Amino acid sequence: MKDHYQYKSPVTGEIYDPKTSVRYSEIPTFMRAPLVSDLSEIDIALVGVPFDIGVTNRSGARHGPREIRNMSSLIRLFHPVTRVNPFDLCRVADVGDVRVDNAFHIEAAIESIKSFFWKLHNAGVVPLTAGGDHSITYPILEAIATDKPIGLIHIDAHTDTSDTFLGSNVHHGAPFRRAVESGFIDPMRTIQIGIRGAQNTTEGWEYSLDKGMRVIFMDEVDQLGIDGVIEEARRVVGDASAYLTFDVDGIDPAYTPGTGTPEIGGLTTREALALLRGLRGLNFVGADVVEVSPPFDNSGNTALVGATLMYEILCLLVETAQK
Amino acid sequence: MKDHYQYKSPVTGEIYDPKTSVRYSEIPTFMRAPLVSDLSEIDIALVGVPFDIGVTNRSGARHGPREIRNMSSLIRLFHPVTRVNPFDLCRVADVGDVRVDNAFHIEAAIESIKSFFWKLHNAGVVPLTAGGDHSITYPILEAIATDKPIGLIHIDAHTDTSDTFLGSNVHHGAPFRRAVESGFIDPMRTIQIGIRGAQNTTEGWEYSLDKGMRVIFMDEVDQLGIDGVIEEARRVVGDASAYLTFDVDGIDPAYTPGTGTPEIGGLTTREALALLRGLRGLNFVGADVVEVSPPFDNSGNTALVGATLMYEILCLLVETAQK
Amino acid sequence: MKDHYQYKSPVTGEIYDPKTSVRYSEIPTFMRAPLVSDLSEIDIALVGVPFDIGVTNRSGARHGPREIRNMSSLIRLFHPVTRVNPFDLCRVADVGDVRVDNAFHIEAAIESIKSFFWKLHNAGVVPLTAGGDHSITYPILEAIATDKPIGLIHIDAHTDTSDTFLGSNVHHGAPFRRAVESGFIDPMRTIQIGIRGAQNTTEGWEYSLDKGMRVIFMDEVDQLGIDGVIEEARRVVGDASAYLTFDVDGIDPAYTPGTGTPEIGGLTTREALALLRGLRGLNFVGADVVEVSPPFDNSGNTALVGATLMYEILCLLVETAQK
Amino acid sequence: MKDHYQYKSPVTGEIYDPKTSVRYSEIPTFMRAPLVSDLSEIDIALVGVPFDIGVTNRSGARHGPREIRNMSSLIRLFHPVTRVNPFDLCRVADVGDVRVDNAFHIEAAIESIKSFFWKLHNAGVVPLTAGGDHSITYPILEAIATDKPIGLIHIDAHTDTSDTFLGSNVHHGAPFRRAVESGFIDPMRTIQIGIRGAQNTTEGWEYSLDKGMRVIFMDEVDQLGIDGVIEEARRVVGDASAYLTFDVDGIDPAYTPGTGTPEIGGLTTREALALLRGLRGLNFVGADVVEVSPPFDNSGNTALVGATLMYEILCLLVETAQK
Amino acid sequence: MKDHYQYKSPVTGEIYDPKTSVRYSEIPTFMRAPLVSDLSEIDIALVGVPFDIGVTNRSGARHGPREIRNMSSLIRLFHPVTRVNPFDLCRVADVGDVRVDNAFHIEAAIESIKSFFWKLHNAGVVPLTAGGDHSITYPILEAIATDKPIGLIHIDAHTDTSDTFLGSNVHHGAPFRRAVESGFIDPMRTIQIGIRGAQNTTEGWEYSLDKGMRVIFMDEVDQLGIDGVIEEARRVVGDASAYLTFDVDGIDPAYTPGTGTPEIGGLTTREALALLRGLRGLNFVGADVVEVSPPFDNSGNTALVGATLMYEILCLLVETAQK
Amino acid sequence: MKDHYQYKSPVTGEIYDPKTSVRYSEIPTFMRAPLVSDLSEIDIALVGVPFDIGVTNRSGARHGPREIRNMSSLIRLFHPVTRVNPFDLCRVADVGDVRVDNAFHIEAAIESIKSFFWKLHNAGVVPLTAGGDHSITYPILEAIATDKPIGLIHIDAHTDTSDTFLGSNVHHGAPFRRAVESGFIDPMRTIQIGIRGAQNTTEGWEYSLDKGMRVIFMDEVDQLGIDGVIEEARRVVGDASAYLTFDVDGIDPAYTPGTGTPEIGGLTTREALALLRGLRGLNFVGADVVEVSPPFDNSGNTALVGATLMYEILCLLVETAQK
């Protein structure tokens, strides 16, 4: 396992793990994990999807993978609660960015994304993805949920179950409506956490509730507490395969200003970390962190949150992936 | 009601509601509500008061109405808790900015503001105002409280009941002392929430307490919880007419950095939203959100908080205004 | 003419010209010109096209019209060189933003833009447009050049005569190749000024030169001086109808950092102003300023440059429009 | 005492206390306290240590004293909870910055710092210091703990008890390991609060625990609540001499983005203020606030937090110092 | 002379010149010059006037003295062209900020400023001032031009010879009209350089020209070149007493974004430095740098320009002051 | 040659050149050139030296390589003047960052840097380096100038020929004094361009002149024009081996604000590009771009300038390297 992470300098011949170099050094792959040439060498792939044509408001999430990679140099190895080093348990690598063949037509782009993740999935590699806007989760689910609908833990300010917008039924406000319709996710095994903010129509809220999704609005988060939310999430999703999708606007914009459709009154990062840690042992087959939009992230804090969430989720994924 | 919100493009002839256009489009009136030419067409007026000569520290709140209007394009219609669309209940419009005749002498400026709100009040229109610094609330109260002193819910880091400063007894640290002296507000029906931070004299704190205002310092907020604060606010203000004034520095500067006299250790936006929602049914005759100072608001988050607070307060006002 | 610019406050009844209010006040239409309900009332339309799906790199120009409107409150009336007030010569108005029916497919969006400008053109109104990315100029030219190819003065770092990119031949690097192919512009009456920066292929440069466009690269600007550039521009374009398109990346990013594909080594704003002033008397039938991308414009200077360029171009257009 | 704070203008002859001038005025000493020429005139010294060669990641804390001084003009006199004015109880002064003789070799620099604080301590003056990075606390402890090991309350995201890094055993991740080894602090009377974030080795956590320090990780903070943390801190430290060191990265980066090694999921400022206020009456012989890094602090909020923490700590120190 | 600049540390007893400490260290007086208690000890006073109530647009210049002081730590001693150290020729000191008795009424504030400078002038000290907005130059001229009108070199985008605005004839657009009317400056010995940008009325331009001021608009700067401008300035002002006032908006906002009324197309800093160096030997009795507005100066570059201009002007003033 | 630049996706198997992907995509190596494992595969190495312990003022250049790499994704292939694609002429690769063994003692760090470049040089690879502060050029010269002193073209605001500072004779103000003393550069074949700004001692200027370096201060740049400067540079350096070092503070801080010791009044980027292009055909054996400090570079423009300068210099180096 250790060899997997070693890098040899072409100049000095020195062999070392870039993850432990000083933070501002080395090529910024995700968490300074290795770039690999063969999928058989890895268990978990860190993927970037620099795509934001699906947004309905402020764009910029196309730059998300770049800046999350950049900030992820601050990520370190041993988890402060479990004391586990996830890189000891699985072979983790950065497999680069999805290349979108046609960036000017959303359906063609979505197809490129699906194709990429289908190849990863077929190779038995678990994907942990940095978006991009939330429209990318639909093709990821399409690539992964090949057998039957899977469960979903969805942290977000919005249900993303709206219908057609400006002439397209594929956009970042609709992936989970489409995913239910296509049978990629099971709405009865879906929980949406952190929902808040006004809407121009109530169609998204209603769709989620009508289909049987468990929707925890922020005022219910206040009532349940994070422990209660965790309990609900575990109950709803159960033991079968599930996907975890984290839109950083689920967190309050004081913590994550760099996003496209900020809504005040969200989760704190402390709650987000506690929530993720409470999901340990669930059967995750993939995950993503989306909607980090660097042009609106002056302090870099949103990218840092994104990178740290990826690390925490990695700690969840290694438990499944190493089985 | 629907017609009230329709706009007809002079170019294409298309008729539509600008509030539902894409967020980055349309002329940025408050919440993209219509501009009107006749006060008889409206129930609630959204007003800007671009004035900050009253500050004692950092200025910039003169740019508040502009940026709150800008960010308010992110505001949408249906409330996430009540599922009510306030625009369905009342005719809401943007009536533009107060024009200050003399910007270099605070008393003359204050007189201009009073005159504007007196005309609105006389036309039976309820004002929801974006400041500007807190000195603007005094002339608004003067225009509204024409019969007898009204109640006040005041959220702020400071009591704003200081006396003369640098030769003037009209400034943003004094409006509520002046309003008590002038009989515009009833101190026994006044509650001040979120007070904190050191002061150069204790005169403000003492004035508030001596006059019988209910002052909830931040450490008491911690003890009571927001539900307890709501209970106190409802008890103090009662059923009679009341005004709601929200200084964004009542909220912690992590959420609202763009303000003139930030004090750390304030309310979260979640608490602020819960607090406002707890005031439903009170008899509000007007309200304002003040001290958004865009030059200190790099991320735009303060203006977004300001715009969202205005939406939440609008949801309170429509209940009174439609009676 | 004076009446055209008067606004009556619905509250105070005061009648005044918003263009002369304090800079931080009033609803931010372009230059605080009136919103009108009838195209017959106006000679020149200020238009926003909040569209940036055509970019190949950083997006954000969708927010351009909003921020140019905002900064344009700093614009004033009498020109410092000519002492002429353009608003005295023509009826100028803000006609709002083009609404894009389908924001997720570039061809459909381009069609919406064309339709809007065709209606303006048919009403005899001269358009002065704020983009948006440069892909919007193609449908504007399509709407205007209805008889025969028109001349073009094009200030930019890039020739924007590339071919298909990522599966689409409509994007912000291609409008003038498409416009030549469609017969909207006459390449022999086209001049491109400020071209610089490396390219991944030489196809754009070659297309422009092959078709007979006069291409002035930055090193030739240094040799000719601005007076020489003006002379060339006037010679190439001549007396017949012409369109003026100004991509703010023609200017150096020290002046206009807020743009999608910045190239160092560009024009100064002083050169840009001198260049525009040297074009007086040409027969312009429309113009635009594009590629202002506010998310990359921390200081607001790019939007200020955009607004000032629009004012200078307005001073050119009034000479044609009043004929 | 009042005379101590008076300043006489060399121009107008006016005598006044600069602390009460308008916030944006006067030379920015810490809290606009006087500069003095004789240590016998003062009880508590406000000191700057503009030094950050000890960091392992992002530097910039060298600018901390400057910006904390700048923001500390917002600090005022009477405490909102105790209503005490600390400046009435002790003579407080700004004694300037430590001058580092050799800025390019950390050991030599550390020696300069020790020498400065040794002189202060010998003069019977209690130091309240603004860093600089955390490596400065080691020489301060060396200067103060001349008799026997003292107690330590340490608020931070990191234990700072690591060992050699990049060839040096003196750096900002190691001061408290060194201080235990040198006998400057008593690990059994040391408490570390707010610890979180992954680490590349577990050596720091283990060292702290092995030596008997009380380490409260953030998840335990959630369990205990701030009242519980206070109780633990008072129990561990007891009545004997103690030092208080506050690394601003103990607070969440939403509040304090301007720091070198941000970790999400930290304390809120409200918790930090409550925690400090709960330490009243302990026997503090000095304190510091470190790791404010202005180049990463766009909003200035981190420096404001730093300045406010210094005020709160000053209120603690005056109780000891006036004895 | 050397003693004048020495500082003795109250802690270490070390005696040194703070101007030569590391840039990020020491209390930020202007250029880290000494604070003095007696005007008889000095020849040239560096003064701050933190006042911006006179602005007609964006405020913030009240923070100018603070940030210019801050950035002036980057200033060093020996001039790169003359190789002269101005601090060797005169005793220079920071005398602090003007205190404004009444900050809410511009005439009262202006009176405070005049009184301060009158005392300085009476003590035979030459003032070099950092504003504040341009309204402060009027009371400075009133204090200095006690015998007869003096000459004026005025670098600015605007003539600042407008009349009454919003009810006041004292504001930052009017000081030189007032100064002519009051006989403080001789319009025939006044030159205004860098004028540009549209105006809402032509009254300012006309007033300047009617009174015989030499007005060099930016297009004439282009024609004359800086050498020609210098020649004109020397010819107009001649040998008698003169004052130098530099509004940083005379420089292009790419260099000085942090100002209240930016106009594109201004001087470069290279031109500004050359211009100032060309004024050597003129008989200056005072000078100021105004309109640095830190809230709009993200990069700090405007304050750096302001500080460097003050250094260059100091090099001019020492030649007169040492006579 | 083409194969050298091809990358094969481990997921899709697609083979392509990352340099031509969309700008916001792919791992950000310098100019998205390949990472290699063997020096024999390359002619020119792009190197990062993330080191800034040598600064005397603001640090942050340690983050320079990271952000220059990031911005260099905007760089493209064919040069706008020569139409040459430098990547066609030589095999260019990113060889990663120099690892500094001891980051807390400048001499040890300098030794690490020398060792790295000595290995590169020995392998016959020409280095093009991104700093880091200017102290890194000394060990690079030591590694390269193994036979006899080489020539130097040095663009900078400062001569960097000062002596000991704060106890060290190795720092970013001294490399060229040390390099002359050590016989690495020939002062008679050295030219320093763009020098300006005051200094605390004249020792640096005098050293350069005394040793026979050709020093072109900014006022002489104005006199000679860039063509004259180029002529001087070519005359001084002649045909023998030379090194090119470009400190971005040689350019005006309006263009390059993100640097440690900004001096106003510098070169424009247009002049810088013209200057570099004028050096074609000289015998360069290496080059660097230093002092890009991202924490002070809000707009990213400084990193973009740095990346573009590297591209222009690469176009110079390929001519020598391919011989």
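We just call them A, B, C, D, E and F in the order they show up, numbering each chain from 1.
The rule we apply is simple: a residue touches a chain if its C-beta (ideal position, glycine included) is under 8 Å from a C-beta of that chain, and two chains touch if they have at least 3 such contacts.
In this text, all values refer to a predicted model and were calculated from it rather than measured experimentally.
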Mutual neighbours - chains that touch chain B and chain D alike: A, E
Farthest chain relative to chain C (centres taken as mean CA coordinates): D
Intercentroid distance (Cα basis), chain C paired with chain A, Å: 40
Whole-Å gap separating chain C and chain D, where each centre is the average of the chain's CA atoms: 55
Where chain F touches two or more other chains at once, by residue number: 22, 24, 56, 58, 62-63, 100, 103, 166, 252, 254, 296, 298-299
Touch relationships between chains, expressed as pairs: A-B, A-C, A-D, A-F, B-C, B-D, B-E, C-E, C-F, D-E, D-F, E-F
Of chain A, residues touching chain F in the complex: 8-12, 14, 16, 21-22, 24-29, 35-39, 45, 48, 50, 62-63, 65-66, 69-70, 94-97, 99-100, 103, 115-116, 119-120, 123, 298
Complex contacts: residues of chain F adjacent to chain D: 52-54, 56, 58-60, 62-63, 100-106, 108, 166-168, 170-171, 295-296, 298
Complex contact set, residues of chain E against chain F: 19-20, 22-24, 74-81, 83, 252, 254-255, 268-270, 272-274, 298-301, 304-305, 308, 311
Of all residues in chain A, those that touch chain B in their complex: 56-58, 166, 195-202, 205, 217-219, 222, 252-254, 257, 261-266, 296, 298-299
